[in-house]
Amino acid sequence: MTHRRTVLKGVLGFALAASVSSAALAQEALKIGLILPMTGPFASTGRQIDAAVKLFLAKEGAVHGGRKLEVILKDDAGNADATRRLAQELVVNDKVSVLAGFGLTPLAMATAQVATQAKVPQVVMAAATATITEASPYIARTSFTLPQASEPMADWAWANGIKKVFTVVTDYGPGIDAETSFANKFKAAGGTVESVRVPLRGPDFAPFLQRVSEAKPDALFVFVPSGVGAQFMKQFVERGLDKAGVKLIGPGDVVDDDILQGIGDVALGAITTHHYSAAHDSPANKAFVEAFQKANPGMRPNFMAVGGYDGMQLIAKALEATKGDANGDKLIAAMKGASWESVRGPVKIDPDTRDIIQNIYVRKTEKVGSELHNVEFATIKDVKDPVKARK
Amino acid sequence: MSVALQTFDLCKSFGGITATDHVDFTLEKGARHALIGPNGAGKTTFVNQLTGVLKPSSGCITLMGEDITKLTREARVQRGLARTFQINQLFATMTPLEMVALVTSERLGRGSQPFRALDLDAELVEQTAEILTRFRLDDMMDRTIATLPYGKQRQIEIAAAFAARPTVLLLDEPAAGVPEAERRELMQTVAELPDDVSVLLIEHDMDLVFRFATRITVLVNGRVLAEGTPEEMARDPAVRAAYLGESTHV
Amino acid sequence: MLTILFDGIAYGMVLFVLGCGLSVTMGLMNFVNLAHGAFAMLGGYVAVLAMQRLGLPFLASLPLAFLSAALVGIVLERLIYRPMYAKSHLDQVMFSIGLVFMAVAGTDWLMGSTQQFIRLPAWLQGRFEIAGIGIGRYRLFVIAICGLLAISLQWGFTRTRFGSRLRAAVDDARVARGLGIPVNRLFALTFALGCGLAGLGGALGIELMGLDPTFPLKFMIYFLIVVTVGGTSSITGPFFAAMLLGVADVVGKYLVPQVGAFIIYALMVVLLITRPHGLFARARA
Amino acid sequence: MRAESFDARVRQALYANRRWHPAEIGFWILAFAAYLLFPSHLLLLNEIAILALFALSLDLILGYAGIVSLGHAAFLGMGAYAAGLLAKHVTGDPFAGLACGMAAAGLVGLLTSPLVLRGSDLTRLMVTLGVALILYELANSFGSLTGGADGLQGVMMKPVLGQFEFDIFGRTAYLYSLSVLFLLFLIARRVVHSPVGLSLRAVRDNPLRASASGVPNGRRLAAAYTLAAAYAGAAGALLAQTTQFVSLDVLDFHRSADLMLVLIIGGAGYLYGGLIGAIAFKLLQDAIASFTPQYWMFWIGLFLVLFVLGGREIIHSAVKTVAGRFARLGRGGAR
């Protein structure tokens, strides 16, 4: 009996010691749990953000508000159950003070409860469905929302003589967000809209594009996840839609900077509205792109990378405001209303919704030198997420 | 009526080949009946139709006066028609004990009871033990069937069929491939089957047939060539020509 | 509508070239090779690399895709596939799924996870119209190549000595061996041919289906449908199955985009239930 | 005449099959003790318990009834969505959700069993795969009900037995999942050692002889398939409840493939295979994922290939040796 008791004591003692020592460590470094899809179909999102986070630490330094930022990277492979479990483990075992990353909407949504229960700020760096920030009071976002990028497109299209639009979107949260926000705004202006949704696993766009070509719209509004954008563009051209005078418009995902070069000349002339282009004309952005490409040869930073970079910026800002206090409530309070000059232009975290307020640019895909770029030619200033703004 | 099993105008053809050709066959109650014929005569096809493995092309089959032509295999077993197989069809990973217990439990209607423990079922234990003793499997009931000698496996074939308490038992070449040393025990087992069970023996081995059967049917090319007592058959010139003559050379 | 039919046929043609090798391996050695798509992916990547790194023209990269996939197929067949023939279907399935996983992760590691692209020569881009039917040049090219392949395969399968031996071996390997047909070598060759065709299909399919490391998983079900519906004992079976699948998929999506990919799976299950040996299987006793 | 003592021997031999082995008791004590031993890994333990239940379900049909399936995720997903939807719209009571998940998955199992029972192994593999894919597409298409690719949000669970709130550390989750696993394991253990279990083994070993022994093969297999489906549904329900979230991933093909690997590692047909396999698989996955997060799929694939190429025998003989040691230890301790 006594023997067993000492064993039990030993085990408990060990567990206690372990938790004390990790608490002591936390006084020194501030741990950020970065959960990204590093494998699977959305791995490019993870790679971009991971690279941007590393770049941030290298460029801006790791110490902010007197605390050293320590990033723990976990791969959820784009699988929501894994995201949630990893978030829980990061909070419980690694005692992270901030959760960050989240490449896709379901991944961010699955973690919301963890953030709420643990009172840990969750910085969403990529996922773009409008409702995400409503899932938990601890969520702040540094990417964008699809309505935010899609509604200005409706305005631009109407103002430029487009009357009839056909929308093709991927059948999941962000796609539906893009479709409804664009269609509502465009119809309200007086235009007509026809819509079709393509399955997430759809390998061939031919049947959908055939419908478009028969409808003979003025413009085709498209949202597909960035990976399949190339295929879409090629089939768009192959079907002769560009020659038939159908303009290709949409939020910037389809002409993602990361793969634009691979899409090739078929992307020329696409008009998109988005919050970031690697060709954004500012000294800060030039330096950013240069440093990014130096650290990651062959990669061009895209809007995901900027979301990751600014996510770290936001964490650093909040930590400076709290003077190193890692309390979750204080951190999220400090994040509300934070504003800074990002490489994409001025940004601000909306104190009411914790979503990002930023400029949306209208861009045209053009050849700059030998490379394809999305060249910005108009700016709509300080756009809030329209879905939440209406509430 | 003293008929146990009967077929009326039974036919079976595969493509163009007629394997069973208008067979009318009667097995009396308590009979020791043998079905013989050269290779390819359609004996096994005939048995497979009786037991429901094959569906006849036409004709019907009755068991104790009941039409069983359309019944499933297991329904025929439940009505008292059991068989052995020419090539061993055993549960290789089971022990003889488990195999006999399985047949017994199905017969007792336990098969669909998911929460019953086998060992707490006195009736099952008693009847399983009875079969194991009768077929002299008691000292090896715990060994995996696949590891037992071939003769013993043939013995289990019969035991498993008998455990279904059949009124009609079809033995499909029970002694096929059994080495001489183990043969005697097997033949004794067959001889010791109780009188109230009607037995149809399908066999090549004439020695066994003449020692065992009181009546013989000769099947050639899917057709009944002749039927009668062993003595009659031995004398029948057609049978001798078609079959016995041939077998003496083998 | 006819344009859609044309698109569906082009899609089906690629599926045929991708899947027919699988159906022969399945018929010949009764071996379930779910990793078939990995060979297709290999061909695709070889074509991409040949064009991007070596600067080869598109037409030259196609035979390269075929050869490399065939070569890898022959080596793998010798080294690791052969011991699997005697094992159960379940083991074969697990084994080949393992290979798929390795191929997916390995490709990811070597090539990155992004979609790969090729640039078609100008004469294959765009489309023209005949009698109101829009015809994509590239799709026409695919149909021509794959149609030629299908015809020559059918000819080879039915008219040559190799073909007749192959058919004998598919019917009954044991008997064929007894007749002195070198079944093992025959199979190695067929396996290589099947892999090569998959590789070619992978290269041709880049423009239609895209190419990324998850290709073998994404399209596994399509190959399987081609094989299970088409049966494993002929060239024509998988051919019509692939056509049916391609056209049904494309037309279905065109007419009722809401149900998406759902139709083809339902089709497969229904066909498997009603015709468990495949739609075009020869009756066997 | 045979002696009374032979009856007793037969009874004893039949009892031996279902007697609790000391190693089994040790296994379950360890499983519950893990709660105290690894307080910081309860989330992983919870996942192991759920995967073990899922694997137990596959073992029931693969190991005992000999039905191969590449689409077992269909039932996991069905259970998860049923339990999740019940919690979202009707009641957050965990046991109601569990029952609902089991019933829904069991129903799907019952309805699809006629499809699965016909044909060869290959047809079964394809049909099960097809059924799972169809369910995946259905769940994807009925986005208004299931949340589609975004996942089912807003699953709120009430405390277990009105007492134990699901906490962020996974304490309640692990004990709840483990208890359900243990209970369902006891039932499964009882079933496989019952006449039904015996007849399933008979059908697996030799369907021809089974029907010649009076076993209604089809009905028995359908029952087993339905039971296994309900078990997988329970695993799905546990998954939905302890993560309070359901995504399309529960229906994904890789779930079914991983599950096969679990059973291959652990060995099928003795109930513990799934449990041991689940432990090994999750630990392996966790270990590999922590040192090469990107490429763990490669290693899993390599393991699969090596297992099938011959590693399995080695592993299983190792497991047997260890189990044998345990048994001797146990017997020694009992004396």
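Which chain is which? They are A, B, C and D, in the order written, and residues in each are numbered from 1.
Methods note: a residue touches a chain if its C-beta (ideal position, glycine included) is under 8 Å from a C-beta of that chain, and two chains touch if they have at least 3 such contacts.
In this text, all values refer to a predicted model and were calculated from it rather than measured experimentally.
Looking at subunit B and subunit C, the chains that touch each of them are D. Chain centres were defined as the mean of their Cα atoms; on that basis the chain farthest from subunit C turns out to be B. Of the two chain pairs examined here, A-D and C-D, it is C-D that is joined by more C-beta pairs in contact. The distance from the centre of subunit C to the centre of subunit D, each centre being the mean of the chain's C-alpha atoms, comes to 35 Å.
The geometric centre of subunit A is 74 Å away from that of subunit B, both derived from CA atoms. Computed centre separation for the pair subunit B/subunit D is 41 angstrom, with centres defined by C-alpha atoms.
Residue positions of subunit D touching 2 or more other chains, listed in rising order: 137, 140, 294-297. Contacts with at least two other chains are made by residues 39, 43, 171, 199 of subunit A.
Residue positions of subunit C with contacts to 2 or more other chains are 105, 108, 258, 260-261. Here, these are the chain pairs in contact: A-C, A-D, B-D, C-D. Here subunit D touches subunit C in the complex through residues 62, 68, 70, 115, 118-123, 125-127, 129-131, 133-134, 137-138, 140-141, 253-254, 257, 260-261, 264, 294-305, 307-310, going by the rule given at the top. Per the touch definition, subunit A reaches subunit C in the complex via residues 39-41, 43-44, 47, 171, 196-199, 201-204, 206-208, 210-211, 213, 227-228, 230-231, 234, 237-240, 243, 258-259, 262-264. Residues 3-4, 7, 11, 105, 108, 112-117, 119, 125-127, 134, 136, 138-139, 207-210, 212, 214, 218-219, 249-254, 257-258, 260-261 of subunit C are the ones touching subunit A in the complex.
Subunit D makes touch with subunit B in their complex at residues 2, 6-7, 9-15, 17-18, 190-191, 193-199, 201-202, 205-206, 208-217, 220, 223.
For subunit B in complex with subunit D, the touching residues are 51-53, 72-74, 77-78, 82-83, 85, 89-95, 97-99, 101-103, 105-107, 110-119, 125-126, 128-130, 132-133, 138, 141-142, 160-161, 163-164.
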